[in-house]
Amino acid sequence: MIGRSLVGRFVRSSASLAVCGLLALQGTEAMAWSLEEAAAPYEGTTIRTVGEALPPLEAMAKLKSEFESRTGITVEIEMYEHSEAVNKVMLDLNSRRGRYDFILQPHRELGRFVANGHLEPVERFMNDPSLRDPSFMPEEQLYQGLWHEISWYEGQVYGFPFTALNMYMWYRDDLLNDPNERAGFKEKYGYELKPATTWQEYTDIAEWFHRPDEGFYGTALQGKRHEALWYEWLNFLYSFGGDMLETNSGSECGPVVVNSPEAIASLEYYKSLLAYSPADSLNYTWDEVMALMQQGKVYQMIMWNDATYAVAEDHEASTVAGKMGFDIVPPQANGEPVGQVEGWTYLIPAGSKNQEAAYLFIQWMMEETQQLNQHLNGGATARPDVYAHPDVQAISYSQASMDTNAAARPKPTIPESPQITDILVRELSSYLSDAKNAKEALDDAAVEMSELLGDCAPLKYPVE
Amino acid sequence: MRTNRIIERVLDHGVAPLLLVPSVILLFVILLGPFLYMVWTGFTDLHYALPNRDGAFVGFANFRRLMQDDPIFWHSFWLTMKFVFGVVLVEFMFGLGLALLLFHYIKQHRFILTLLLVPMMLAPIAVGLIWKLLLSGDFGMFTYYLRYFGLADQQTSILGNPSLVMPAIMLIDVWQWTPFVTLVILAGLLSLPKEPFEAAIMDGARPLQIFRDVTLPLLRPIIALVLLLRGIDAFKEFDKVFILTGGGPGISTEMLSIYTYRINFRDWDLGYGAVCAFMVYLVVLIMCSVFYKAVYWNEGRSKTVGKAAS
Amino acid sequence: MAMVATLIAILILFLTPYLWIVMTSFKTRLDILSDAPLWFFTPTSENYPTIFIDKNYLPLVWNSMIVASFSTILSLAFGTPAAYVFARYDFPGKEDLFFFFLTTRMAPPISIVVPMFLLFSVLGLTDKPIAVILAHTTFNVSLVVWMMRGFFADIPREIDEAAMMDGHTRGGTFLRVLLPLAAPGLAATAVLCFILSWNEFLYAFILVAFEGRTLTVGIPGLVTPHGTLWGQVAAVAVVATLPIIFFTFLVQKHLVRGLTFGAVKG
Amino acid sequence: MAVSYNQISKVFGDGTVALDNLNLEFEKGEFIVLLGPSGSGKTTACRILAGLEEATGGSVTVDDLEVTSLPPRERNMGMVFQNYALYGHKTVYENIAYPLRIRKIDNGNIDSRVRAIAKVLQIESYLDRRPSQLSGGQAQRVAVARALVWNPEICLMDEPLSNLDALLRLETRTELKRLHGDLGQTFVFVTHDQEEAMTLGTRIAVLNGGKLAQFDTPRRVYHEPATRFVAEFIGRPAMNVLDGEVAGGVFRSGTFELPVTGQPNGPVALGVRPEQILLQEAPTDQTVSFDLDVLELVEPDALMFVKKDNTSLVVRVMHDTTGLDRSSQIHLEFPEHTRHFFEISDGRRRS
């Protein structure tokens, strides 16, 4: 379980690194590589992309003018709300009209695209010395686990991470350090108030701070029937030692384990937190819990890195800016940390007529300067060197985010994975609204998942 | 010029039904074409997400799955039926009452009507968001006053409670569409002839009897029409529910449109989605046909098309 | 008096949510998210420029205008001749065809929209406003036919004949004489078509390109993982209703008469 | 011949026969009245001439040109409708000007012609009004003005006076007559009112059941009705027609007996107009005695409804009727030249 995350990948990456290194050394023309020269054949073309309307994409929209002026390639960016962006791409790819030259998509969609031949592997461009910037070395410059999780499928590389999103624990640092709270907490629970390192502590802290009569809550769950619920629960599932499928990589199919005793325990524990969460929790997604945190109404929650800035740093929008603390979610029982990550990735559709120009732009965007700019504007880079930058280190949540990235756990990216998500969201929501108990809900989900996936995914925990 | 003359000749000689041709062609190409494609898709395994599902013919497999192996569809089906009958009934009763009330004041205060129509002018998607804000448990104005007047306790979450959420969605629909029903019924009331009412008064009928024996029967065709239009649109209700609950909690608001949306736009199982959609279409069509024939409002209208007598 | 009071009460009930939205559009984020509803607050006008200038939503208003206007015009252009035929001529299967027009409203848009997208792809029309204009036209044509039939039926036949005696062709009679006479009905029908097209989401979203996004398509973009931008949502909702309210005020005189669908006179 | 219906038939879609083999010819400049009860086909005949209705058989020619299938606008005819059919959204001026505008006459010309016709019809002061602001009579004049303004060869009028009140109807009738005299156009006028027909028409075509019963001058239609139907339809009160039998120079109907000359023995119907019956002070050998049943005074005339057993007659006299009351004995004379004889079988006039 532990070993599968990073080590295996490192070996594969090293191999391709060697190939690329050879290429880089091949001749003088590679040494003399310049963006202007590489882009010369594509001058005057227009490349179009589509993604979710969020700060990183807005940052890209501001950055692109430099690329445009250097290359003569025009970049058009379409920004949509999350599910709109996914739907637009699905329709475009399936009608094979090639409107988009590169796309920005959540990595859970990857399997669908690859399996239906909608994507162009980027290896071809990476191996083309006229396109490949010798200084661009993803094998060294990116978090390898993240890169493989987000942009690889069945050993093929299809792109690079656009944002490396992850979830970690948010808490009110000001209250944590309040002497009265600390004294009271210690008196009641017999240990010092600190960021939770176990789920028992997490519950104790939530209980301690839960004061609904004052409009203040111990935590806030994202309980609406929405992807947010699934993402949030995954943190608990992984930490309790469970998983959805028993596989070694996201592109594999394997036995269904979503109804394991660990999974059931994690779900029951998750629901127990409803007692310390506002009454409206079953109506929340990331949107509402963030608003609550901004208003200073919640002590702690598990939340996304790309939302952190607006709560922790943005004094305009947040009443708790500068008062927040962050840490990785409580680890598994064996002490091994675990991280729930989700990425949006750059991909190049097979139907695009301007793949080379698109690659050049993506490659340019992956440069440290651009990555830093994007990251500081609300992005979530996959480059450790950007994280190491002093400006980034100064941000209060950088350490938690880096820790989580390092503990990234792969999740299914097979073609059926969005459907699996949909099934689980429905069943989790049914459990939260008392329509089923935890075992029933997860058993039902497991059966449906197994039927959906077929022979490769038998039930590991049979349903009687 | 030449073709103009030909068209004129055609029109002059009573083949004017040809004027129907453009609209029929439009409907056939833009709507019927895709509709037939959708029906065809229902017999295939077309799936945009899974590999090797390129639309091979599978016969009635999708239909079988729908009929025998999809409890959620049937849950959605009955939920939608309840929703349609519920909202149409309530909107009709409210709308009729409001129309009767407005009837006496409309002449002087036409602007009242325009104001009343505001909910109907809002985009359904905006309505969904607006009510999400109003019903929010933390900063929702509506919830606040419910609690303030003791109608709900601190723990009540309207959209998070499986037994409250559906009535809430129905109320929102009633809020949005009662004005439309009012408007149409009011229009009907204003165009009624005066004589039958005067005759009924002379016959000694009391107001309630007049309403029952004269107003309602005379309004029958327009009531039928408004029920028909609202019924059809209520069946397609999507935007509001999608924004408000996304079908949850659990599957307590998973209406047919939401379910079909998931099949089509989340799972991209177009073959099965087509069958679901076709089923919905069939049910609406049958219900409307039966209703249409039962009320038979075309009987009255064909009179206007009678021949000019000599 | 009690009646007037009831009426006013109902009106207030119906309008409060809208009023709240108007107020919300002038509130800061913190005011919007306050614990108790704030009826008195220091208004801010920042939501409007933020959404329409900074976020560049102004072109979306224009796109909506284009789509709604053209689809309304087209619906009327296709629908009124058909309505005229239904009002004036008899032919076998007439009432069935009439019902067919209504059935076009019954097809679930969620499943029609994908084949329609493919159709427009084949025709090379996707991403052009014409695609969504045509789509809106198809579902509004039925409404036009159903409403306008009653209107034409209300006009005495002698008017047609007088016009023809005056020297018009049948087409001329329809265009120059009947349409102007049916203007109130036309106005009411147009308002309804406009509202439906203006507010439509699904077709507009699937069929139109990013550059041609309508205002409704822009609304979900304000529900971000960083929080719903309530002030901006409210500003968009307010701006989106203004043209319709204006339009409705213009034709309010005709609206009531216009909506009888000619059904009562029969 | 200027205008001619040749064997025109019209059967509607529902099987109703509106016209059955109609033949009718008349000259330009005439004032032709199509007269008949409802359902007689008179309106259909007019509309077929207008081109608003297409005949199912036969042809229509104008000036030897076949127009049967020409659309209305190519026939050079104007029309006044029973309900006037004015365009509610245009002013009176524009209503009248409309046919000229369609014919693309220049504005100055339009103005002078509209004002000219408005002067003739005395509606100059209403030109700026809307049709809804006009009285019935005014609207009617506007409709006539619209039909005539562009000087069509033939002006068709479909019961144009029937929506006017009685007094106005008389006035307008006179005016139409004058108008026809002044303009000299061909008028074709549809009515069910025999009095209008008699006063207006240069010739009257009486239709019955889709067939032409008689086509002649008012005078001859009145004095020599071609059929019993025409006889009964023309004249008010209607002609008295008694079904009876001639035997030996005596006409008998019930107990009513009247010596007749020149009629063969056999069944026959005898018709006498109420106004042509003479009232005598005392019985003579020329008179028949009746009982007075009802007396109606229509000053200066009097209508007497008289009975003799089962035989009832109406008599119209200008006598002073004072002193008469119910059950008075009345002595009536039926002068020879006022008697009409019709076949019982088909109603045709016996010459």
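By letter and in written order, the chains are A, B, C and D; residue numbering begins at 1 in each of them.
Here is the rule we use: a residue touches a chain if its C-beta (ideal position, glycine included) is under 8 Å from a C-beta of that chain, and two chains touch if they have at least 3 such contacts.
The structure presented is a predicted model; accordingly, all values stated were derived computationally and were not measured.
Minimum number of contact steps separating chain B from chain C: 1. Farthest from chain C in terms of Cα centroid separation is D.
This structure's chain pair with the greatest number of C-beta contacts is B-C. Between chain A and chain B the centroid-to-centroid distance comes to 40 Å (mean Cα coordinates, whole Å).
Inter-chain centre distance (chain B to chain D, centres taken as mean C-alpha positions): 57 Å.
Separating the CA-averaged centres of chain A and chain D is a span of 94 Å. Among the residues of chain C, those in touch with two or more other chains are 33, 35, 90, 114, 118, 169-170, 220, 223, 228. Chain B has residues 8, 12, 14, 138, 265, 308 in contact with two or more other chains. Residues of chain D found to touch two or more other chains are 13, 47, 71. Contacts from chain C toward chain D in the complex involve residues 90, 156, 158-159, 161-170, 172, 177, 180-181, 183. Chain A makes touch with chain B in their complex at residues 83, 87, 90, 94, 112, 115-116, 212-213, 223-226, 278-283, 288, 291-292, 297, 415-416, 418-419, 422, 426, 429-436.
Residue ranges on chain B touching chain C, taken from their complex, read 7-8, 11-12, 14, 16-17, 19-20, 22-24, 26-27, 30-31, 33-35, 37-38, 41, 98, 101-102, 104-106, 110-126, 129-134, 138-139, 141, 144-145, 175, 178-179, 183-184, 186-188, 190-192, 218-219, 221-222, 224-225, 228-229, 232-233, 235-236, 238-239, 243, 256-257, 260-261, 264-265, 270, 273-274, 276-278, 280-281, 284-285, 288-289, 292, 297-298, 300-305, 308. On the chain D side of its complex with chain C, the touching residues are 13, 47, 50-52, 71-73, 77-79, 81-89, 98-99, 102-103, 146-147, 150, 156.
Put simply, chain C touches chain A in their complex at residues 29-30, 33, 35, 114, 117-118, 121, 126-127, 205-206, 209-210, 217, 220-221, 223-228.
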